[in-house]
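Two complexes are shown next, each including chain A; its partner changes from chain B in the first to chain C in the second.
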Partner chain A sequence: MKQFNILMQKEWRENTRNYKIYWIPAIFILLGITEPVVNYFLPQILEASGGLPEGAVFEMPAPTPEQILTAVMEQFQTIGMAVLILAYMGTVAGERKSGTATLLYVRPLSFPFYFLSKWVMASAISLLSVWFGFLGGYYYTLIFFDKVEWSKLLQMVGTYSIWVLLIVSIVVAASAAMPNGGLAAAVTFAVYLVLQLGDGLFGTNWSISPVKLPQYAAAWLSGSPDSASLGGAIGVAALLIFVLFVFGSWASRKNKAKTKV
Partner chain B sequence: MDQTTLVLALLPILIIQLALMIFALVDLIKNPNPNGPKWMWGILIVVVNIIGPILYFVIGRRNY
Partner chain C sequence: MSIVEVERLTKRYGQENAVEELSFVLEKGTATALIGPNGAGKTTSLSMLADLLSPSSGTITMAEGLTIGFLPQHPQYFPWLTALEFTEMAARLSGIESKKAKLQSTRTLEFVGLEAAVNKKIGAFSGGMKQRLGLAQAIVHQPKLLLLDEPISALDPTGRREIMNLLKTLQQDTTILYSTHILNDAEEMTDQLLFMKEGRLIEQGSLNDVKNRHAAPQIRIRFPDHNQAAEFIGKLSWEHKIKGDTVFLPVYKNGPSMQQVLQILASEKQDILGIDFQTASLEEIFLKVVAAK
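The block that comes next holds the complex of A and B.
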């Protein structure tokens, strides 16, 4: 346990020194705020950007606050996830390249603890960023549009957090398994796309597929998702995270030899 | 909603963008060995909103 604490301290120091604890939350807050603001100003933006014939009139249905929060989540799904993947693609692989790994691996290091420290730090920063992002988006939805109940927001963010944890696990495990950060990011993006595509094409009946977690998260806003499917999806996600954890610890031990000295 | 509240409401977006940009620029100036020419990163950070600083932090600082 002492080793884990020390590894966590190292992770903390690393993440403050490369500013990840500042810029990742900043980007998520920005994404969260921009969505309601852009929606609020959409009529003016369309008018100013031109392209509409003189005298064109068009009735813009005012989006509901639930739609805005779902749109915030979709922003996180595309740009947000890309940012997380880019930020953590090198968390293990980069260490082997920069030489930090030589300092670590010469010691009797417990690889599960090593991997866990990486995973905990990456998850903590990602989750906090996502939460702050949703909070910003919620606040702006509140002042520009209308109220959404707190409990709905909490349920939605809670469900979405599991999905974020799954993505972070994939990145960190890929980073442990791949020789460099670029490949780790490529593998993660590929897995991400294949998962989405597979679920979109054949997954209509796979109610417990973890890829549906964002959909279930959005469903909290307009009622509640099917609790059996939601529970199943969370269970499968937890199982996958555990498998990725075991795989990642094994891969980081196996790739020890690839360290550049 | 009147003009002043609107401006106040939009201020955080501006502040976060500026903070990201300034943070990245200060780090770039202090960085002895960025990944790629300094002037290129400088232009990228200032001109490309949000994405520029992200790319600098990830690629330019060799954080991968």
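The block that comes next holds the complex of A and C.
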């Protein structure tokens, strides 16, 4: 446990001193705000960019606040997840490749704690970023559109957070297993795509598939997802995260010899 | 008392043997120099002892509870940590509790001459400072065994001298195994020599043993010119070598003694510029050993 504290302190210093703790949330806040703001100003934007014939009448149905928040989540699903994957692809692999890990590995290091410290820090910053991002989006939706119940937002963000944790677990475990950050990112993107594709093609009946967590998160806005399916999906996600933790600890120990001496 | 026993240690990469059947013993409180040309397998051997690499075959037996400090050849650091933060982390990861870790870190940084840079970020360190910090992190937890991979090769002559002196201080209660290609320094601090070449141990023993095995000591006499030198050795029946104005007489068991040579010089009224007793340098032996096998 003592080792965990020391390693957490190291991760904390790293993530504050290389500004990850600022710029990752900043990107999510920006993504979150962009959606309601762009939607609100869309008529003016179209007008300013021109191209519409004189006298053209342009009727646009105003999006509902629920639609805006769902769109925010979709932004997080594409750009947001890519940012997280790229930010943490090197968290273990990079240390090995540069050789900074060597001076840790020559000590009686607990690899589960080593992996856990990486996972906790990446998860904390990712969740913080997602939460702030939704908060920003929610605030501007409230100002420009309409109210969404606070409890609905919380349920949505809570459900989506499990999904974020799963993605972070995949990228940190890939970083432990792969020889460098680039490959770790490639593997994570591949897993991400295969999961989405598999679930999309064959998963109609896989109600407990964790890939459906974002869908269930969005479902909170218009009602509530089927609680058995949601519970199942969260359970499967938790199990996968645990498996990834065991695998990641094992892989970081196994790859100890690959650190540059 | 031996604290490390290495037996037939082998590391294979595909078909290649980086280290082959390496066997040696480290006695408590001794300094062992691991020398050999580039690619001899020194770093691989040290990495296995530091438990970074696992051997393909063979065993390493260490005394129970043996603590190890390791300095890699090119230590890499987290640039965003200060020297003190890094050394403290190193100490605590080695099991030193937090208060003591801070105290020992400060002291160790002073010991290696980094007292002015304690709170500086490592990212701003020069090469020499990084080398000193490397030594600091290796000794901060007061290990019983120190493994140093080329601890002085990257330093300028002043820094090299300083670090050698530090190592000599440490040697009093630490067992040291270090690799180097600065043979003058190896000669200065070594109880045991291990010569490696192409992954194999080709020679080992104390400095004197190795020297005696490979090159007999010799008497060196410098004459005013080559003619006088040549004339003088014409009168001798001993084995000799002549190089310009200098004559070398190898000293074997029944070979010439200094006294005998001086007597002949005196009786011949031969003028000389200098005479001394010479043992081969480690460098000469190194070249000989490496070329021979």
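We adopt the following convention: the second predicted complex is superposed on the first by the 261 of 261 C-alpha atoms of A that agree within 3 Å, B and C clash if a C-alpha of one lies under 4 Å from a C-alpha of the other, contacts with A are read in each partner's own complex, and residues count from 1 in each chain.
The criterion applied here is as follows: contacts are C-beta pairs under 8 Å (C-beta built on N, C-alpha and C of every residue); 3 or more make two chains touch, one makes a residue touch a chain.
None of the values given here were measured: they were computed from a predicted structure.
When the two complexes are overlaid on their common chain A, residue A:Gly99 makes contact with chain C while staying clear of chain B.
Once the two complexes are overlaid on the shared chain, A:Asn18 sits against chain B and chain C alike. Of the two partner chains placed around the shared chain by superposition, neither chain B nor chain C is touched by A:Phe242.
Of the two partner chains placed around the shared chain by superposition, neither chain B nor chain C is touched by A:Phe202.
Applying the stated contact rule after C-alpha superposition, one finds that A:Leu109 touches chain C and leaves chain B untouched.
In the superposed pair of complexes, A:Ile6 makes contact with chain C only, with no contact to chain B. Of the two partner chains, chain C is the only one touched by A:Lys260; chain B is not. Chain A uses residues 18, 98 to touch chain B in one structure and chain C in the other. Across the interface of their complex, chain A is touched by residues 1, 9-10, 12-13, 16-17, 19-20, 23, 27, 50, 53-54, 57-58, 61-64 of chain B. Contacts from chain A toward chain B in the complex involve residues 18-20, 22-23, 26-27, 29-30, 33-34, 37, 83, 86-87, 89-90, 93-94, 98, 136, 140, 143-144, 180-182, 185. Interface of chain A with chain C (complex): residues 2-3, 6-7, 9-10, 13-14, 17-18, 98-100, 102-109, 256-257, 259-261.
Contact residues of chain C toward chain A in the complex are 43, 47, 50-54, 68, 70, 72-78, 80-81, 85, 89-90, 92-95, 97, 137, 149.
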